[in-house]
């Protein structure tokens, strides 16, 4: 008599899943986690991603003064001097400075002090065995420097030690305060989300995004449906031509596709020339007016997406039993009636599927917009994903705000997640999940 | 089946709707072989000069190295996507796994995910792995981004293979691996082929990922190359040359597409139910 | 090889399918698992084959406990309902597959395959693909593939369901022939009682996960243990009358029918009973008269089939040799052969 | 949080190890140079380093060392791609040795530890660095340290089409006097709008081409902010400044320009080639650009007689609070923290050598940029070029630069967003200013003074 659970992890299954899981965890899951983490930081170009170091700078001292740090401490921190002592000579030796040069420094400059680097360096240059390279001279000079100013410390501990060494009897908490302020890396914050909510821009971009998704989606579904149905009725040579033509945008590399649209809508482009010949307003349609820019954006994306609908709808059409169509023709149904009463009812699920699938991919798409209108004119055609991308990775001023960008991406992730779950419910995901039938 | 209705209004509407595409692709082809006087629509001379970039690297820079890189990129990514999807799709379709439901719905969600917006996260992962600015890194990322799609498609194809064939294999004494390898895999060949085509075309066209994750000129792919050529600020800027480069870039994809059109149309042959 | 299933229990998603089943299949016999769909017969078959795992219980092949072994280690041949031939391999490769995965040498494989092909009469089809074969030929290939590695037991899952009527007859005897020639222990799953009766040494009738009765076909027919078994076997099927016990008789008061209970004396008056009358035991000859009208008549050539509606609306079925043909609506006074009628309690148990 | 620095240091360590290894093996050193905003006319940004490499290796040979320097270069035509590549590469420890970028990047990049202060590697008392213009050195400094060596300088003047000015009644003398009138504040931005309108009315330029400002984001727009009295930095505290009034004046100016019809509401985002074609082809009335554009116009856009076709001036004042001004936006050679100290030392030497007047003048003249040092201005090759000379003398001394501040990018981004919004009329001027204020206040808090 034995008892056993019918479902056991299959070793082969685990082995088969491992590569996929590794890749998905690495490049999907981990990035999502990192994005969620970054969303709560003020990470930017200036703070760096990998963490910062501790450095006291002139500007920092100025802002510390504003914060009310006492003048004496500030002054002590600001001072930078060069003292030629035994410790300095030792330091120079470990830094690899030429031994002869060190000896000369020790002999000739011992116990002298300088207040500026240039003065000290000028003095060093007079020594007979001074190094030929400027850098070696600077290295030698820096060994004698007595300052925390502009020195980068990797850890807080080192910074505090250096501060304590520099400052005699610092006021209570001053060392900690300075060390905290001197950190150059990122810190935790929820400001990103707060700022997004406050910024009036946010809502305009949300509006743009909704507008873009809804219209493009409508174009995709309607045109996809239209194409599927018409090519279904056309003789095969004609339908073949049109389906190839409409599939082209999908397989054309996006860079080329974008520039083809430029050629089509640009100043001196195709439409421009025709419009001019016809006496119609001719301008750069891609960027010349808000309405035409939106039209272009929606067409550019719509033409790519329509083929997706077309493929799925065509498949669904072919699955309709031909007898039903014949029967309806015998009954005298007109083409329109046939579409309305026989074909469309069969299309309910494909339409729903295309709609949900495309909503998600449109929400996160920005490549085409970026390469065509680039969100312009002004920022009238900027959508959420594009703005997130620009904020985080691509802007002219070069100050990439990873934290803010991540927060924007995270919002997109959240919206996508919610929509996906709704869709999974809608498509009765459970029914797609039959259990393995072989139980061993 | 065109008895109860006249076909021409539909064809007319279809033609009008398709006109922009038709014009764009027609001129893409025509312009590469001809010159057109400024302000005019129709070309006035036939020429091959726009194709000289193929042999003369001084025009737009060497085109063959990016072509090779692109091929390397697209084909390695294709191999990864197809092999990983072929195994994972089978496991999810047929094998008992812990958290199978969860994994499957997770993949379903990722399938339609704003993956590219996570690029900073991806960058960090690559950096940790020491793969930033390397072709390997971009290939892995691109392949991973395509995996949910691939796994889902392959699962669909596997689902369509009758269980009995698999059971028969097991009864015949073959291990599950042998069954997969010798019996099931041949059944999903059409799926593998469509996925391979899709992956290759997708990899061939990829622009964003190489640009961001491997900006070094050593790994320049054709999309980046084309983008440089298309930069109106460059002194070599010439629209017809750009179109020639663009056509050259698209030709392999077009060829695959024409050859395997039906396969591509059948990518959802395994059934995206609903 | 004798197969025994002890205390087998199986649940799918919390729904019990098989509950504490015991079954022994004798060495060399062909046993039919017969029952309506969903009765658990296929589950039993797939449990023997190693596709399904037992929730509880024990499966013995001879002295060997195979409960925990996967299919690959059980040496079982299975013929599937849709044959499950490998579409990308030709017939030879299909049949050879079990041997190639066992890594037999080429010459042996070739010999074995040809031998089994000869046995199943498909020697001339070896180069074809499954798609180019008729249903009967596919069936033979499936059999050959199942038998080629000399399994301990042959399992047949509705092997005839996908064949047309004529082929079905042919394959019925073919399968039996091959089974007898090889002397292999076989289990046939079917919902068709004719198949079960004609092909098997014994039949196990299943209902809702339990074996109701296990017997030879003849015994089962003449001595059904429940009304379910009685109803399942026989074509045209048995008909039932509902009544009560009254003075050691089965009585249907409204039509004044009384059938003596004979050996089953001592049943309290008023107990609800059922009387099962096979069509061949109701007709112009017999001992208990019943009046009714012909409600349905069907000519089958050698025999005619009648439904006789009684006054209270119940119906008795009858089969009569062709000759004297009764017309629809004709009133008749026929007789039940009371000694051959089965009396069941209201819950279906044979008394 | 603790994992990240460890990773970074691990990567750095490996990078260091790897680079020292190559250095030790042979005297084969590879120095990588990345430059942004670099097209065919300004290829000397990288070429100069290659020439310097040649010089330095010759010097080494004469000294008896066998040093081969390989220069690995990569140029980006745009800025956003380039900055993205540099930052990401630096994060993963793969930054190039030498970066050629705008001076404003010094702020954020030095804070994040991406840069080595170049003053630790070169001697500013020695040739050729001792002849650099001090204001350019200031521009290359941040927080009291010199981080980069100026690579070029320029001014961003206003240009007028002489023929179109004549068409609306300007005499030759009037045209000659125009720059002075601009500088004195007599001729304001609004006078300019009137003239542009007149040109359009006179049908010498098409509607919407009377005034053609820079088609996309750039330092140039800060000039208009200055025209209306704006300051970018508080001289006393060193903090960033946002002047609401100046911002309002500037936004309003462009809205007025749109309303006058001299520039379209959807102007921003136009491509450069359309712009070049119009201004070089004498299709535009008045525009502003950079001193280097002259070279491009001549090389690519068919401009023959620059001085005959165009007049130039400072950016006019917008109102009495503002002043006529121009901004210089020098590019600088920067030393990244990537690679070994030895490599950085060599890279610094290359930069120093590339700053030699004869070498830098090649870039200046070819690309229409201005000299970086007093000695360079006297080199005949440079001094004989009429445009560089007049620009160096007439414009450069009046030029100021945008601040090097790690947070300036945020203000800049907000300013341009507001400009786009008000220009395209998606927002009223007041709302746009308010939005900018909200954004910078949220992002920077008391690190910015809002006036």
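Remarks
Letters A, B, C and D name the chains as they come in the text, with residue numbers starting at 1 for each one.
Following the convention adopted for this analysis, a contact is a pair of C-beta atoms (placed from the backbone, for glycine too) under 8 Å apart; a residue touches a chain by one contact, two chains touch by 3 or more.
All values derive from a computational prediction rather than experimental measurement.
Contact with chain B and chain D alike is made by A.
Chain B has its Cα centroid 22 Å from the Cα centroid of chain A. Chain geometry summary: the mean Cα position of chain C and that of chain D are 92 Å apart. For the pair chain A and chain C, the distance between C-alpha centroids works out to 67 Å. Per-chain Cα centroids separate chain A from chain D by 26 Å.
Annotation for chain A: residues 49-50, 393, 437-440 touch two or more other chains.
Counting partner chains per residue, chain C has residues 50-51, 70-71 touching two or more of them. The set of chain D residues that touch two or more partner chains comprises 7, 81, 84, 91.
All chain pairs that touch, listed by label, are A-B, A-C, A-D, B-C, B-D. Within the complex formed with chain C, the chain A residues making contact are 1-6, 437-440. On the side of chain D, the complex with chain A involves touching residues 1, 4-5, 7-9, 79-81, 83-84, 87, 91, 101-102, 104-105, 107-109, 111-114, 117, 120-123, 125-126, 143-145, 216-218, 237-238, 264-270, 274, 341, 344-345, 348-349, 406-410, 412-413, 416-417, 420-421, 423-424, 426-427, 431, 434-435, 438-439, 442-443, 446-447. Across the complex, chain B meets chain A through its residues 1-5, 7, 10-11, 13-14, 17-18, 20-25, 27-28, 38-41, 80, 83-85, 87-88, 90-92, 94-98, 100-101, 103-110, 112-122, 124-125, 127, 129, 140-141, 143-145, 147-148, 151, 159, 163, 166-167, 170, 175-177, 180, 201, 204-205, 207-208, 212, 222-223, 226-227, 230, 239, 242-243, 246, 249-250, 253-254, 257-258, 261, 264-269, 272-274. Chain B makes touch with chain D in their complex at residues 123, 126-128, 130, 132-133, 211-212, 215-217, 228, 231-237. For chain D in complex with chain B, the touching residues are 7, 11, 39-41, 74, 77-78, 81, 84-85, 88-89, 91-92, 94, 271-273, 299-300.
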